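So that we are looking at the same thing, I have put the structure below in structure tokens.
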Amino acid sequence: MYNGLKIEPPFFEIGPKAYMYGDRMLKLAKAADKASKKYDVRIILTPQYTDINLLARETENVLIFAQHMDPLPIGRGLGSVLPEAVKAAGAVGVMLNHAEKPMTVSDLYRAIKRADEVGLVSIVCADSIAEAAAIAHFAPNIIVAEPTELIGTGQTSDRDYVIATTSAIKEINPEIQVLQAAGIKNGDDVYRVILAGAEATGTTSGIMKASDPEAMLEEMIHAVRSAWDEVHKH
Amino acid sequence: MYNGLKIEPPFFEIGPKAYMYGDRMLKLAKAADKASKKYDVRIILTPQYTDINLLARETENVLIFAQHMDPLPIGRGLGSVLPEAVKAAGAVGVMLNHAEKPMTVSDLYRAIKRADEVGLVSIVCADSIAEAAAIAHFAPNIIVAEPTELIGTGQTSDRDYVIATTSAIKEINPEIQVLQAAGIKNGDDVYRVILAGAEATGTTSGIMKASDPEAMLEEMIHAVRSAWDEVHKH
Amino acid sequence: MYNGLKIEPPFFEIGPKAYMYGDRMLKLAKAADKASKKYDVRIILTPQYTDINLLARETENVLIFAQHMDPLPIGRGLGSVLPEAVKAAGAVGVMLNHAEKPMTVSDLYRAIKRADEVGLVSIVCADSIAEAAAIAHFAPNIIVAEPTELIGTGQTSDRDYVIATTSAIKEINPEIQVLQAAGIKNGDDVYRVILAGAEATGTTSGIMKASDPEAMLEEMIHAVRSAWDEVHKH
Amino acid sequence: MYNGLKIEPPFFEIGPKAYMYGDRMLKLAKAADKASKKYDVRIILTPQYTDINLLARETENVLIFAQHMDPLPIGRGLGSVLPEAVKAAGAVGVMLNHAEKPMTVSDLYRAIKRADEVGLVSIVCADSIAEAAAIAHFAPNIIVAEPTELIGTGQTSDRDYVIATTSAIKEINPEIQVLQAAGIKNGDDVYRVILAGAEATGTTSGIMKASDPEAMLEEMIHAVRSAWDEVHKH
């Protein structure tokens, strides 16, 4: 596990996928930059590969992650995403094994080791409790417990799911952080998930499809802070 | 076929694959920038996705192409390379269907249409004469006739191969440009291929594995110019 | 192009995909066997790989094809479908590049050459006129002109589409046979497509989802014969 | 975990990959059938999909497994290997996630659940101790501890590796059986691995590339029995 950058909870992941890019992406990244500072919430932003350099240069607080990378070494591999190149472009981490970019068991394990090697925080998606437990053996920094069945359905993970996934992962490796992600569509969903015990959550469509993405981002990050303070007030 | 940017022959493609990135890549890109102007040879450079933004900003003459892109529309698709994002980052073109990143027949056709749509020059690799003829029906801007058997073996395409591939492609669509690419390891190889009638050639390992990549680049671009002038002197 | 088995038009392809297998598949294959003889219509049946041996042994007239095969040579390749093994199991042909099992340009070309080599009729799917023309350069025995947009929608290809695809293919290689396939849901659809000039057609869901698959098969093969006789009566 | 068929140790897996098929495969399967009975050693044989039906029909003792299957349900999915079809053809199990046919984390988990559902013993390959531990969370019947680095190199797994992998797996799920597989090239290698504590081992090239595959099979199965008796004599 890479330990060069500890992401202090609470944190929040924004996944633009292929919805946003270029100048429009930069505008949202700058809003995330401000919200991160204002609410003291760490924000992970996973832009298109081609936007990493721009966003890393133009932001201060937001944590730029690649959407994926390949486990290959320096050398051949046209069309690949080289770990060293991701790092050099200014990313501080990488997402791996999302349901839209699934990896083989071996490639995932190798990619996590490559992230450790070049110095990138790894955040790995798991579709079920069994998969989360399995992936915990590869010691990524963060596991996203995101049941595919719920992605984009508008149903948030409930307290039982939060507890079950968290304990399944931490039992194998207590240093792994857990992000609870499915179905976040507004600030209320964010509030409920954090209140249910999550140390982090995130969204794609909640912000990408909002009529005012920057306003929704503000609403969600505010909700992270409010819920976190509520949970930790004593 | 996208006609917003006509690449005047002779031209030369440098493919860094996953060999070079970041500052080292920028140094080579700047050398290519100068050589392009000095010898009046167009140079296509296909860096890692993450370096497109940096190189497009820091160079003037060199033509930055993505190594690949996916045919998806704006929207879902985490881990993808979105055509609009490639364009927004400053690339002017995209390579497709390299032997290390092969595409299905349908995806290749869709990606070429997406390149036309967003305004990117498409350069598509073909492993044989039959494949080059097939791909010509999709009307990309450039076809790379690069027999996989020869890649990296140090054997250049001979005159017969140049003539056969060129005529097979131009018979279907005379507007498609043809780049002859396999096995270029030094200036002599470049000279021979251009003299054999090619309007373009290129290399990966010839430059990437050279002890002095910038010197080898200079040698090769000089050879393009010399051979081209020799062929066209009358 | 493999010329060891000429499939005389009219012919009809039944694609069980992953809908039918084992004894149920055998029952339908036997019905196809009888209908083929009764109506003098060649029937191509593409069962699961695991059913090829059984069906080839238990039928006489129906032409058993694999749903796909890999272009690999004899040797390593666990999990592959070896051309020689397909042939040895009793198949007389192979389908390639269906929209649900798309192949890269190079693998498709190599697989067609492997089919020629081991003696298997190749039937290759194309999603558009441009793709059909492209694939014609690889000289398969049969091209399926099956616009993906129409698959399973219940809309048959119209006369213009039949003429356009057929001429695009035959212009490149007049020996290639053309099967018009999308959206066949009953005997009327079959009749209309053959009347529009097709030498062959076929279906998956039309038969697989019918309440009585054997009755629907009979209806469709009867329609092939009636339309063919109507077209060729003079 | 499917518990309809318990494979009593010692057992041995023969992987023909794409080396052997048809009548030649049947000859070896019959030799395996005899050796299994003679030495009281269970033999798993993973032929090409197309040979499952033939071998299941013509053998009595040998355990026929598919080389792979897809986790899809009955329905669409041309070119797939349907679990129900594998079972119907006579296979009693399925191999999953071999280094030559790697699966994504999610597909592997789903395929194991599909094997349980249709009644197939699952044997899953792992490239390292971490991967073996991860896969144990999916509760397959058997895990093959086969370090990719050693495949085909002629170096057998040593005692430490046998102990380390076995304990890593059994600690998570003691019901999972462990097969130690890399680099078996003759009877001596088999003897050494079983003596090191393995309950099972296997080979591809050791038998496939032998000048007399049936003689080598006999030698190896005899070695399994001898070593097993040596280990368990008290």
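Order of writing sets the labels: A, B, C and D. Residues in every chain begin at 1.
Note that a contact is a pair of C-beta atoms (placed from the backbone, for glycine too) under 8 Å apart; a residue touches a chain by one contact, two chains touch by 3 or more.
Keep in mind it's a predicted model, so treat the numbers as computed, not measured.
Undergrad: Using the contact definition stated above, find the chains touching both subunit A and subunit C.
TA: Looking at subunit C and subunit A together, the chains touching each of them are B, D.
Undergrad: Just the number, please: Cα centre separation of subunit C and subunit D in whole Å.
TA: 35
Undergrad: Roughly how many whole angstrom separate the Cα centroids of subunit B and subunit C?
TA: The computed centroid separation for subunit B versus subunit C comes out at 38 Å.
Undergrad: Distance-wise, how many Å sit between the C-alpha centres of subunit B and subunit D, to the nearest whole number?
TA: Here the centre of subunit D sits 46 Å away from the centre of subunit B.
Undergrad: Quick check: what residues of subunit C touch more than one other chain, meaning two or more?
TA: none
Undergrad: What chain-chain pairs meet the touch criterion?
TA: Every pair of chains meeting the touch criterion: A-B, A-D, B-C, C-D.
Undergrad: List the residues on subunit A that touch subunit D in their complex, please.
TA: 97, 99, 102-109, 126-128, 130-131, 133-135, 137-138, 148
Undergrad: How about subunit B: which of its residues touch subunit A in the complex?
TA: Listed in rising order, the residues of subunit B that touch subunit A are 15, 17-19, 21-23, 46, 48-54, 66-68, 72-82, 84-86, 88-89, 91, 95, 98, 100-101, 204.
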